[in-house]
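Here the structure comes first, spelled out in structure tokens, and everything after it is commentary.
Chain IDs A, B, C and D follow the sequence of writing; residue 1 opens each chain.
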Amino acid sequence: MPLDRDVELDELYREIILDHYRNPRNRGSLDQPNAIGEGDNPLCGDEVRVDLDIRDGRVSDVRFEAKGCSISQASASMMTEAVKGLSLEEVDSLFETFKGMMYGSDEVDVEALGDLEALQGVRKFPVRVKCATLAWNTLQEALEEFGKGRG
Amino acid sequence: MPLDRDVELDELYREIILDHYRNPRNRGSLDQPNAIGEGDNPLCGDEVRVDLDIRDGRVSDVRFEAKGCSISQASASMMTEAVKGLSLEEVDSLFETFKGMMYGSDEVDVEALGDLEALQGVRKFPVRVKCATLAWNTLQEALEEFGKGRG
Amino acid sequence: MKPSKAKTVFDVQAIRRDFPILGRQVHGKPLVYLDNAATTQKPRAVIDALVHYYEHQNANIHRAIHTLGEEATAAYEETRAKVSQFINASRPESIVFTRSATEALNLIAYAWGRANVKKGDEIVLTQMEHHSNMVPWQRLAQEVGATIKYIGVSDEGTLDLDGLDDIITEKTKLVSVTQVSNAFGTINVLDKIIAAAHRRGALAVVDGAQSVPHMPVDVQAIDCDFLAFSAHKMLGPTGVGVLYARYELLEEMEPFQSGGEMISRVRLEGASWNDVPWKFEAGTPNIADVIAFGAALDYLSALGMDNVRAHEQELTAYALRRLRQLEDIIIYGPQDTSRRGGVASFNYPDIHAHDVGTILDREGVAIRAGHHCAQPLMRRFDMAGTARASFYIYNTLEEVDALIEGVEKARAFFSHASG
Amino acid sequence: MKPSKAKTVFDVQAIRRDFPILGRQVHGKPLVYLDNAATTQKPRAVIDALVHYYEHQNANIHRAIHTLGEEATAAYEETRAKVSQFINASRPESIVFTRSATEALNLIAYAWGRANVKKGDEIVLTQMEHHSNMVPWQRLAQEVGATIKYIGVSDEGTLDLDGLDDIITEKTKLVSVTQVSNAFGTINVLDKIIAAAHRRGALAVVDGAQSVPHMPVDVQAIDCDFLAFSAHKMLGPTGVGVLYARYELLEEMEPFQSGGEMISRVRLEGASWNDVPWKFEAGTPNIADVIAFGAALDYLSALGMDNVRAHEQELTAYALRRLRQLEDIIIYGPQDTSRRGGVASFNYPDIHAHDVGTILDREGVAIRAGHHCAQPLMRRFDMAGTARASFYIYNTLEEVDALIEGVEKARAFFSHASG
């Protein structure tokens, strides 16, 4: 139904998002994670869990489990791909850039986001923004807990 | 200011009411009441206390103390005059007639009310009806308590 | 497929004209509002009642000696009488105004529960309760050391009443059950449960948030001790809830909140309480909205609650029929519309309800997607949520068609996009 | 006597045109509304905001995936941000919406008080508190075995702060004081009291029901821990109250009511809570009225709270001046209008306030007569009540003249009638 296409909707559900939704990367759990985050969105019931293996200040491995909509699952999957191998500082700064994009700041260098840039279309759907940021917030909490444990 | 007179207001504050307000009858307390009622109007803070001496099923003596507006005080004063000497059944039936008048029932024999009839004008001022009935409700509670004590 | 030609029980087009919001467009499409279990739209008469109040009568009530205050007080108390009639309470003093059904349930838990439920006692709920009829009891139970037992839910989404006698026992102090499930639409048969509660000396609370707006409800016939519901789910304004209680219970109970309006005397040493029901309405109440709620009750009474029910049943039957024809779809709750309110709750196994909701919204169709504040029920069916369309007096068969088209579009969108 | 020619700080006639109710007649006379401490009238902008909401956006909030729900949620949260700015809170999450100031105070007593006030602890109030800031603490104290101590009131109607150090002690857990007396208009100087409370490790609650509507209030400057006020006393709709609390306190506190909206996860075994402030807003909130309250805040902000205060001070000074000229009259509270809000509270020794109120009403003048929900203060002055005129932005010097004429008429009526 080409004549009937809804451009904003196509922007929300970009092909790459649907691909991550259907074929999630890094789904599952780690045997011995040294940081774990659990998050949920009280407003819609989405739930996510992130397992991390952090070595020498870097994310050496990461897995996720999620119940939720295509956006929250795709976002979680894309996030794990994006952060694997990054230093904790790099993760922080990537999250800042990502939030900047989701909350519509103009100064964001979307180039730096790689595939994550595909989530831009969510901005037009304010209620879905929380779906896109859930995994990231959960990751951040896990890293904070990890930081405290060492601190 | 005769041209400026407000008929309904004059009906509310009939001369006889103002007289009872200024020169209350049976004000005070009894030395040995065998029934006491205390009532208040939570909405405006009016307070009334009724002391009764009941003998052989009749109100042989009655006194009241009241804090409140002209209507509540005059009504209490007029009530004491009206019930003194009546049998408890007669008090009941007088109260019914009185309530009938205050709540606008058409079938009321106002003749039977004597001076109390002067309180008719209060009907036009719904918020003041409670002021006029306070003493009566208090009396009734005292009689109920008395009845229980004997029952 | 064309909409059924069956004539509905009242003139829906005339009703629609009474609801200004139904003229609105969403994303360039006419609004199709199917989220009525969350809140309903308001007829002109209710909006006008608010405007009239604020333009002509606005004043604080119960203690005013002036004309505005007198008029506002009379109008406020008139709604109490209307509510009482609407649910056939034996007297208006059985009606307490709260902010919401939620507050009404909390009031019971605080004012009755704290005084009457003790360590070792039991409270009986069902697995399909709305969080508002679950969390207040969980907190009460935890605080006093009581236990909560749940009546289970069958695969069909109905209450499982086998073994009721093992659940409601001598230890039970209170049974609280929803009359209609907001998540699936299941109409619960209450008489067995309430009779069992009373037989054991327990009180029966009915959550009427989804029943009172949609069908005739008679508290004396149901024989409940408490009933809670919300004005905003039955054409009324937001911010008004109702607690019905047997008058004697209200008399025995201590107040919940305290302050202005609910007192008789206050001294530095303590206070005594006003009469029932004002004892339970501390502070300035939501005067304007209570008064406007009266207009909502008038509107529903004029339609007749039997007709409201019949209209919703017709829409629901049609919606279920059409949904069943969609491939792969899962529909929750009883298929028999005589046992089901105006709710259609469904899922595609491979499309999340949120995604269906978003695509429907682009078509102007407003449904709810999620757990519907009934997470334990969702878990019972091992899912995060459902897509839920819920109907009311102004909905039409054509709007059901729009829903179905939207659902088909969601399906097509996801398969097209994947293709 | 002619009204003072002093030009008021803003264009009152223009303001009056914004208030539809001011065109109303009462007993054939133009309405003179001087009962603003009980509730204020509403400008067209607030009424329009309600109508606009119900005609265009009405939906349940926070969990909706559809456009109406999204818009309603944004508008609701926007008012939270406006309230936060209005009282200079450090963040919007410090603002909890309740039904009323009364509910805000009860929320503190239940959710903070029950957890933190223990047997033998002390709570400090004043003798001039409104019942809403007295009875909840009395009940709390009775329940846990704490003691209430009162700061006394001088003959002038001000707080007696001598001996404050004997009243607020190591045992004090909480001090709750009104910023402005609703009965007399006294403005209380809070800094000494709040500093004393904090020095002893107690929390400070401010009842702002009569201050926030009438003067600039800055919670950070006052340094209070909690502040309570009501929308309906500041041009807003009925049914909305505000609790401000320091964010960290809200985080520590357990919820008050529970149910929908305020949860994070619910299981059959128990629940966990949503973030602050939603944790404290159980059930469907009063969405429409919160949104319309935003329009009231805009209206007041546009006028400027300094100007509101200045206008009321001018009216009050004029009213006190004229009242003082009446023979035999007794006026309560400070005569110095810099220490007094827009309230004139008075009595004739031989005419009851109700009788004055009734006669004024016949002249179209609405005042309050009675105990003003401050019975202990009335007892302190050994009276059942007072007649109280209270002013707001739309009142004029001419309306003060109407008040005085009415009072003279009451006086004449009673002496004429007795003659």
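Everything below uses one rule, namely that a residue touches a chain if its C-beta (ideal position, glycine included) is under 8 Å from a C-beta of that chain, and two chains touch if they have at least 3 such contacts.
Since the model is a prediction, treat every value here as computed from it, not as a measurement.
Visitor: If you apply the touch rule, which chains end up adjacent to both chain B and chain D?
Guide: The shared contacts of chain B and chain D, listed by label, come to C.
Visitor: In terms of C-beta pairs in contact, which of A-D and A-C ranks higher?
Guide: Top pair by contacting C-beta pairs is A-C.
Visitor: Report, in whole Å, the distance between the mean C-alpha point of chain C and the mean C-alpha point of chain D.
Guide: Inter-chain centre distance comes to 32 Å.
Visitor: If you average the Cα atoms of chain B and of chain C to get two centres, how far apart are those centres in Å?
Guide: The answer is 46 Å.
Visitor: So the centre of each chain is just the mean of its C-alpha atoms; given that, what is the distance between chain A and chain C in Å?
Guide: 37
Visitor: Counting only residues that touch at least 2 other chains, which ones in chain C make the list?
Guide: 63-65, 69, 263, 265, 354, 358, 369-370, 375
Visitor: Would you pick out the residues of chain B that each touch at least 2 other chains?
Guide: In chain B, the residues touching two or more other chains are 43-44, 128.
Visitor: Spell out the residues on chain B that touch chain C in their complex, using ranges where they run on.
Guide: It is residues 40, 42-44, 126-128 of chain B that touch chain C.
Visitor: Can you list the residues on chain D that touch chain A in the complex?
Guide: 62-65, 69-70, 73-74, 263-265, 274-275
Visitor: Show which residues of chain D lie in contact with chain C when the two form their complex.
Guide: 20-21, 24, 26-27, 31, 33, 35, 38-39, 41-42, 46-47, 50-51, 54-56, 58-60, 63-69, 99-103, 105-106, 110, 127, 130-136, 138-139, 142, 148, 150, 230, 232, 237-241, 255, 257-261, 263, 265-268, 270-271, 282-289, 354, 357-358, 360-361, 365-370, 373, 375-376, 379
Visitor: How about chain C: which of its residues touch chain A in the complex?
Guide: 351-355, 358-359, 362, 369-371, 375, 378, 384-385, 412-414, 416-418
Visitor: Given the complex with chain C, which residues does chain A contribute to the contact?
Guide: Those residues of chain A that touch chain C are 1, 6, 8-9, 12-13, 15, 18, 22, 43-47, 67-71, 125, 128, 131.
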